[in-house]
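Labels run A, B, C, D and E following the written order; every chain starts at residue 1.
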Amino acid sequence: MSLTARQRFERRERLRGIAIGTTSLVLVVAAIYWLVPLAPGWEAVQRSFFNWPILVKTFPKLLDAFLVDVMIFAWSLPLILVLSLAIALCRNTRNPALLPLRVFGAFYTDIFRGIPTILLVYLIGFGIPGLGLSRPWNSPYIWGTVALVLTYSAYVAEVLRSGIESVHSSQSAAARSLGLSEADSMRYVILPQAIRRQVPAMMNFVIALQKDVALLSFVGPIELLRQANVFKSLMANFTPYVGAAIIFLCVTVPATRYADYLLARQRAVRS
Amino acid sequence: AGNECSAGNTLKSDRLTIATGNPAYPPWVMNDAPESGEGYEAAVAYAVAQRMGYPAESVDWVRTSFDEAIQPGAKNFDFNLQQYSIKPERLEVVDFSIPYYTTTMAVVVRDGSAASGTDVTASALKKLKFGAAAGTSSQPFLADVLQPEQDMLLYDDNADVVAAIGANQIDAIVFDLPSALFVAAVQLDGGKVLGQFPVENNVSPDNFGLLMGKGSALKPCVDAAIESLAADGTLAEIESTWLSQATGAPVIDMSK
Amino acid sequence: MENPKLRLSGVTLRFGDLTVCDGIDLQVASGELICLIGASGSGKSTLLRCINLLEPIDDGQIWLDDLEISVPGLDPNPVRRRIGIVFQSFNLFPHMTVMDNITLAPRRVLSQQPDETAQAAMALLSRFGLADKAAEYPDRLSGGQQQRVAIVRALAMQPEIMLLDEITSALDPELVGEVLDVVRQLKVQGMTIILATHEMSFAREVADRVCFLDAGKILETAPPDVIFERPSNPRTQQFLARVVRTNG
Amino acid sequence: MSLTARQRFERRERLRGIAIGTTSLVLVVAAIYWLVPLAPGWEAVQRSFFNWPILVKTFPKLLDAFLVDVMIFAWSLPLILVLSLAIALCRNTRNPALLPLRVFGAFYTDIFRGIPTILLVYLIGFGIPGLGLSRPWNSPYIWGTVALVLTYSAYVAEVLRSGIESVHSSQSAAARSLGLSEADSMRYVILPQAIRRQVPAMMNFVIALQKDVALLSFVGPIELLRQANVFKSLMANFTPYVGAAIIFLCVTVPATRYADYLLARQRAVRS
Amino acid sequence: MENPKLRLSGVTLRFGDLTVCDGIDLQVASGELICLIGASGSGKSTLLRCINLLEPIDDGQIWLDDLEISVPGLDPNPVRRRIGIVFQSFNLFPHMTVMDNITLAPRRVLSQQPDETAQAAMALLSRFGLADKAAEYPDRLSGGQQQRVAIVRALAMQPEIMLLDEITSALDPELVGEVLDVVRQLKVQGMTIILATHEMSFAREVADRVCFLDAGKILETAPPDVIFERPSNPRTQQFLARVVRTNG
């Protein structure tokens, strides 16, 4: 099929863009590749951060430790979603009798976003077991997770709340006019739309959570970043962190790309 | 196992649970493997255990961070050693044994750097930019005793301080002497102990004690064990095996 | 009127200082079709929303048969089941197929069996010429189709009264026809209907009575002939004059 | 003025809500106040976390250290906003010739969200100065800030991007139809609306940034959380963290309340 | 036609498989008022967007006076300055006052002095009876007022052609009148206008020529008398029959 004028023009533009892009990429990479090693401290930096033998030596143990992250992540995420949803719903009530819930929701997000997570992890991870719980109920996994869930759900609740508010009130009017209860109209009509709109913002937090699982290490569990930290201390070398970064990127990049792809497809299909 | 003092007071009956850091550094613990008994603290731990009636095979090791060691709940160890300085403030929440090691502070610089030519006097040192590992005795020492003119920088651990001096962000580091010797010799390229602070005059004695939960019933047993180890020279022997001699590091003149 | 299906007495609603419904009295007999006409902002939509309890009224009463539905604190959902409403902007649920849009409320509110609901929904869709659209998402439909789906969705709850709020004003003139046909059908089947509209000619054709609203008050209620031929209120006269001029 | 039936009803409901809320609050507080101290470990926990003399002793120094946070925050925030805006605009270009910018934007967000911040802080905070910069150009303040800005701008860019995408395309059509350049229509028409919509999400990150300034402490600066950490080690007591939390809350809570108030007012005035 | 102000030749636009404009030929003389009519989805809005270069066309050419404006890669902004467009949904900028809405483009694009622009804007606003609304935000205005502001905003750029896309279809019948009055004014002042509309009676009154669009093609172009009285194309006949029936 022969191309129209516009298609030819756009193809030329696209090619030009790719050419410019590739050229500049190559230039930048070449500059980094040739110039950085000329810096006087390059060898030392390379030894500290990009040390192949150390990477090879530590990587398997890092992978092991990553399983702990995966585990904690896997059970924290649903808890965070449930709790943040509950808080967002609290903040969203309109019924005058439910004022206390609104106040509670505002308090909750203010406090748990405002307190440094590390304090919360200490306070809950050490403080609550310190009140006299015995094993297994004093497990740092349990209480560290609680602290993480409290913090993150405060952030995610705000994201959900603005999603809920962004669904036009006419949708909820339509749902309630059919006789659906508040709960049903929230569940079937408002939330599905709200959540869909907030996927990029939620992805931000999923990625951050994936990394903040490391906060649990303050109260004991040895997960990926903690393991990298141990290796760093032991070997006085930062390469294990590079190993950790590789592991994280292998998980988060495909996840975000996939989420973006789903969103784009959804946008293309609908509307 | 256990002697009449310790029996029945340990976490696990007939076994002694000892904690150290994660990781544990040389020269205190070699190769991050306290079970081998190699390294000063590993050796002291086994010696103390021995005196308390626990042969090596009755000793279990666990790892804790500083935070876990001082948290208010039940401890998962009988005693914990990772160069904990005995400080009055800490005694409010944990117990310490009598000191098993006393050291002083030392200054590490990079050989050949401008700072390596500094006079070993307090007034000359004050002009340097100092760094230290946060949470060690170095920080209060710098803040209260040496009082350098420029703001000090603090880091998470020795590795980070070493990186900072490597990046020329600081001129000098303060460590306890054994750590200083080890860092200068092993971790830091061309590192050098510029000088050590005098032990006398109460300027900087740093006493390491075994850490136990507040009100631990084991404290008298541990104290007795350390006392006897000190008395019969075992401690000194372990020290000479694992800690390099501090010879060659000049004593810093605090009066100038 | 004896046993009116719906009775409004002194219905008043304020938004802050603005009185949007101002002591509205109205009785609607079973099977009657009432048209509300009036300028934009005169309160037509708001009145319909009050009847459906989407806005809690400040004063006055609303009865549905013998039940006063305006009691504060009354659970509105059983009432809303009996009153269907269709909005100017359709307000279909964009994340659900047409079928799900229609069957959601019957399933959740009337606790009907899924297949039973689906059958009823298909029957309704066929009746309005939409049988082949059951699996589509709303934004794949034309405006007229969307509006018919919205009507079907309300009818699926088998309401006793339908409130229709300018259901043609978002449609292009070709599509208006198909939606108005639906209203004619409903009337024939004896549905009680209140219809807010700007389609004067349609109001004239189908209404049993026409109410002219202005600034939250019903200024005049009369059969269409009377309203359109010899309106008694000067404001009504003025309004109709302007509308007829531009509508040509 | 006499009340209508609805107003009376709503007032009753609101009072009932307040009554229930107050009662449950009192009950919960009372339960905590009376029951928690009965726990066997309470005294130890109190000594470790809520130690009045320690709080009094450390608080002034914590406040001093907080100035460092304020400073870093003050210069990081504008940098983050500018950079994240640039990235969001890159990701948002539609011109086929600008494909490389889009790809770059996607790369940037993927990488800098995916890499653990601590690695970035080490890598940039130690690595770049280690290449041979001399004072003052190797300052940890400079390079630590760079690391922080790179990370945060990746997150904030995603927030801005979804804000920009949420402004209906008809707005940009209207702007361009008037002959406004792409840049002008972005600046005067799209961005003001996008940013306004994303205020709650941005607040999330402003609050998180306020706390994550602490990441700079990995490369030396002694800010609030590091100072708390020093005191914790010195005194074997977590109370200084509570002090830090109090300071943070005193800043973040009024800030969020104020942002919420502005948003609510805006919503009330407009639409 | 000699020296047409605007000339379209074979204008074609596809969205994927859908050909929305299908070889459109049209010449518009200076001062002429063309009405585009046709069913929803026939491509009226899209054609206007093509003329304003909001959609780059796939094939064909568009000339404004002697300038071919459809050249790929041409900077569209100087062209857009000369062509004003007003959308069905107004698309005022909600975060700016009426005055800022109007003066933004003159200030940024024509680099006019702020006070000069403001004076010109006030003059236009007064002409359309909006002088007292200059400081309001758009959502405080009625639909008719918003639409008039949108027209003023386009006029403030002193365009040579105005494209008006169903500018009354979001308005209630009383408001329609005031907006149509504006169009009559513009025509009197000699503006070249292309107007997509569903208001047949208005098209008939003001248009110099009417184009009937169907599925992206102009099926018939003729003076209004001819189109409305004796349309030659069967599809036009059918469309008009249905529209006139429902429009009563």
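Assume a contact is a pair of C-beta atoms (placed from the backbone, for glycine too) under 8 Å apart; a residue touches a chain by one contact, two chains touch by 3 or more.
The structure displayed is predicted, hence computed values, not measured ones.
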item: Graph distance between subunit B and subunit D, where chains that touch are linked; value: 1
item: Distance from subunit E to subunit B - Cα centre to Cα centre, in angstrom; value: 82
item: Separation of mean Cα positions, subunit D and subunit A [Å, integer]; value: 15
item: Centre distance in Å when subunit C and subunit E are each reduced to the mean of their C-alpha atoms; value: 33
item: Whole-Å separation of chain centres (CA-atom averages), subunit A against subunit B; value: 38
item: Multi-partner residues of subunit A (each touching 2 or more other chains); value: 10, 13, 41, 44, 48, 122, 126-127, 130-132, 238
item: Touching two or more other chains - residue numbers and ranges from subunit B; value: 67, 71-73, 156, 163, 166-167
item: Overlap residues in subunit C, where contacts from two or more other chains coincide; value: none
item: Chains grouped in pairs wherever the two touch, ordered by label; value: A-B, A-C, A-D, A-E, B-D, C-D, C-E, D-E
item: Complex contact set, residues of subunit A against subunit C; value: 170-171, 173-181, 184, 188-189, 192-193, 196, 270-271
item: Parts of subunit B lying in touch with subunit D, wherever the complex brings them together; value: 66-67, 70-73, 87, 89-90, 92-94, 131, 134-136, 139-140, 151-156, 160, 163-164, 166-170, 214
item: Contact set on subunit E toward subunit C in their complex; value: 39-41, 142-143, 169, 171-177, 180, 198-202, 205, 239, 242-243, 245-248
item: Residue ranges of subunit C touching subunit A (in the complex, touch as defined); value: 49, 52, 54, 76-78, 80-81, 84-85, 87, 89, 91-95, 104-105, 108-109, 137, 139, 153-154, 157
item: Residue numbers on subunit B that touch subunit A, as the complex places them; value: 22-23, 25, 32, 64-65, 67-68, 71-74, 156-159, 162-163, 166-167, 187, 189
